[in-house]
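Scroll down for the structure; my scribbles are underneath it.
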């Protein structure tokens, strides 16, 4: 159970980073950490005691294979994470282009 | 195995703290890369080679994107010295403590680590059943592309959407006047 | 109907993939194809009205020993209601965009993203699988982030960044929630998972998963303590996109999924009912108080979205059939009048390049269609009979009284009065009064924009008819039945 | 974009080729060994990115490359959509695995899974090249 607790803690660190940091890139990094923590949680859930990778090899019959479903979910989620990061960073670059800074405090045009 | 696993996750946690606190964005990005590569090592320990491969290539790529963005702009984080206000820190701390308590409390009623219930995934894993249904030796690919192929179409669409979004956001001129 | 169900996702998706290619061939092809696709979707959703409950097994994967192994698509009463509002409003907004989006460059890319957003919403609505919900939610969310930033002006980019950060946090919570759910039940299918939860009985783990889902979807649906991104994101987008975001997006990806998960998977308990009512009442009152002081037209409308979503959440949270009816009907009505209001503001913006209420005045004389339709929408949202908003608010208030929550009924009335006040302000400053000389040369918005506004106004007037006996049984009652007997969902889908 | 020195160019030529081949291998064997369309596609994309980085490219060339990659991406995703829809059109169900399953462990087995891996690989590679070129050719500064 300890790895799972640690993974949830990692999630909270990412959340803290997104909520507290005032730099656009740091916020993106916080979000990435959050995503990694969710991948970690999913992968941990799928693990089976003494399990082998869920791939059949010719001539070998494995008894316990780990759960392939969470792995499939993580695979999907990793690509989604990459996609969000790319879009977020390009918005950040464009903001830098307009304001010349990544500092949230200096960007405030909207009233909030 | 459990010790190595916990060690790697603790490394990730420490990396996360340093990455969020670093004054140089470049070192933050590199630390994020370290977290990502540790994650792929964790995937290997958890018997998920597919994930490890994808995580390594995706992490390299996102590291390249981060560094490209930082080199094009600035690597200095001027905000790092600003202290968060005390009431905010208290609220954040209380939230963390409550959340972790809730997690710890909820863990008691979950299936234990290493013994998932396999309600949906059980039928995938019966060695006789799967090859006959999808014909793939790699169960993860079978799940990703066949049992849950519809999700993967969505995933491909997400990537497509994000690329369209990047192209839309980075247009030279957005509005006609 | 059964064979047609995947088309809700397949049609916009296929066209979206090819739209960049079509955009190179001809400048008008994207306009035509975008509208044809959304019209086809609207027709399809009308065809779904009288269909029985359909369970579509994607890929043909039958359950093995009672356990679901593939992805299910489910079409039931609630789905039909949501499909109707998403696709009809989507078509009208698409029609409006033909003229409106001339002000922006790269229209083909706009249609691509628009169709992807439609795909995502339709996908979320028709699926019966939690991870599938997440994937399609991400499609529509990512498309909407990009669309908010479509003008690439500094404010839009800033709003888009804030919106995307909040949206990604919400997605993170949803992903954690569904992994906890998978851990607890071993399945991702909503019906099967609900059944597994019943078998296990109440547990702390289920409560935890439920709380995580609530946090994630409340953030997506901008329910009060999680609302901060909405008043920036919705006004900054191009007007058709504001209409989509406020009109249907927060409902399809926030409120609808929240209802599905809370009612059909976890089953409504007394605790969740109280949480929903409290959050709903909070958003209802705080939203309207924040709205009334705004001078930016679109920002004012955006705050009203929070307030009106509060009505919906409160109505559904009451949990009685009458309350759910009121909540769902208000959800339908809100999608028409709020998207109409945003389209009106877009028309004003198109003609005058101005969104500040203090600088407007007397626009009725120059823009009669916009003025008249906005009057209809304002009366609807303020709950003046006989417009549709009146009926749904009345039902919600009656339901609150019937269930003994007199304070909630009082708050709903107060919210309604405040809404009326703030829309009288909009009408007074923007459309009535003396025409300022600056606007002497202002012209009415182009014809296609007027057509779509008029059609939405007709919907606002006519939707009260959905409550007539005979019509009500066919549409609303079926949707209400899905939520009132939440636990039946598992049996219906799994076929027992 | 400017290119790099001759040494880098020479080394990269070999490296990019090897990475490209590795990507193709991963894509084609996705249903048998770890990896698949996404991992392999990213590797293929990375090979192209490496090539562009080392050799540099003129602006006109960059634009042509970008629009070509965007086409590959569009058609890759569309190909996956077609695979999904074939079942629906031919009278079975959406996402029906309509190709014969073949024998286990052979390259040509598992129905449409290898096909799906190929189209996904094309899409991902295209997507990565497009994003990279767009970000790299962006000019910052000036407007404030």
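In this document, chain identifiers A, B, C and D correspond to the written order of the chains, with residue numbering beginning at 1 in each.
Assume contacts are C-beta pairs under 8 Å (C-beta built on N, C-alpha and C of every residue); 3 or more make two chains touch, one makes a residue touch a chain.
Just so you know, these numbers come straight off a predicted model, no measurement behind them.
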(request) Decide which interface, A-B or C-D, involves more C-beta pairs in contact, and give its chain pair. (result) A-B
(request) List the centre-to-centre spacing of chain C and chain D in whole Å, with centres computed as mean CA coordinates. (result) 36
(message) I'd like the Å distance between the centres of chain A and chain B, where a centre is the mean of that chain's Cα atoms.
(response) 2
(request) Please work out the Cα centroid separation of chain A and chain D, and write it as a whole number of Å. (result) 23
(request) State, to the nearest whole Å, the distance from the C-alpha centre of chain B to the C-alpha centre of chain D. (result) 22
(message) If I count partner chains per residue in chain C, which residues reach a count of at least 2?
(response) 13, 17, 20, 58-59, 131, 135, 138, 142, 145-146, 149, 152, 157, 160, 180, 183, 188
(request) Provide the list of chain A residues touching at least two other chains, using ranges where the numbers run on. (result) 14, 45, 53, 55-56, 69-70, 75-76, 78-80, 83-84, 86-87, 89-94, 96, 98-99
(message) Quick check on chain D: which residues sit in contact with 2+ other chains?
(response) 32-34, 36, 38, 70, 74, 77, 81, 84, 94-95, 97, 104-105, 124, 131, 134-135, 138, 140
(request) Report the topology of the inter-chain touch graph, choosing from line, ring, star, complete and other. (result) complete
(message) Per the contact definition, I'd like the list of chain A residues that touch chain C in the complex.
(response) 11, 14-15, 18, 24, 27, 31, 34-35, 38, 41-42, 45, 69-70, 73, 76-77, 80, 83-84, 87-88, 91-92, 94-95, 98-99, 107, 109-110, 112
(message) For a test of understanding, state which residues of chain B touch chain D in their complex under the given definition.
(response) 49-50, 52-54, 57-58, 60-61, 64-65, 68-69, 72-73, 131-132, 134-138, 140-142, 144-146, 149-150, 152-153, 156-157, 159-160, 162-163, 166-167, 170
(request) Spell out the residues on chain D that touch chain A in their complex, using ranges where they run on. (result) 32-34, 36, 38, 104-105, 124, 131, 134-135, 138, 140-141, 143-144
(request) Sort out for me which residues of chain B touch chain C in the complex. (result) 102-103, 105-111, 116-124, 129, 146-151, 153-155, 157-158, 160-162, 164-169, 171, 173-176
(request) Enumerate the contact residues on chain B facing chain A in the complex. (result) 2, 5-6, 9-10, 12-13, 16-17, 19-20, 25, 28-29, 32, 35-36, 39, 42-43, 46-51, 54-55, 58, 61-62, 65-66, 69-70, 72-74, 77-80, 82, 84, 88, 92, 96, 99-100, 103-104, 107, 112-116, 118, 120-121, 124-125, 127, 131, 137-140, 142-144, 148, 151-152, 154-155, 158-159, 161-163, 165-166, 169-170
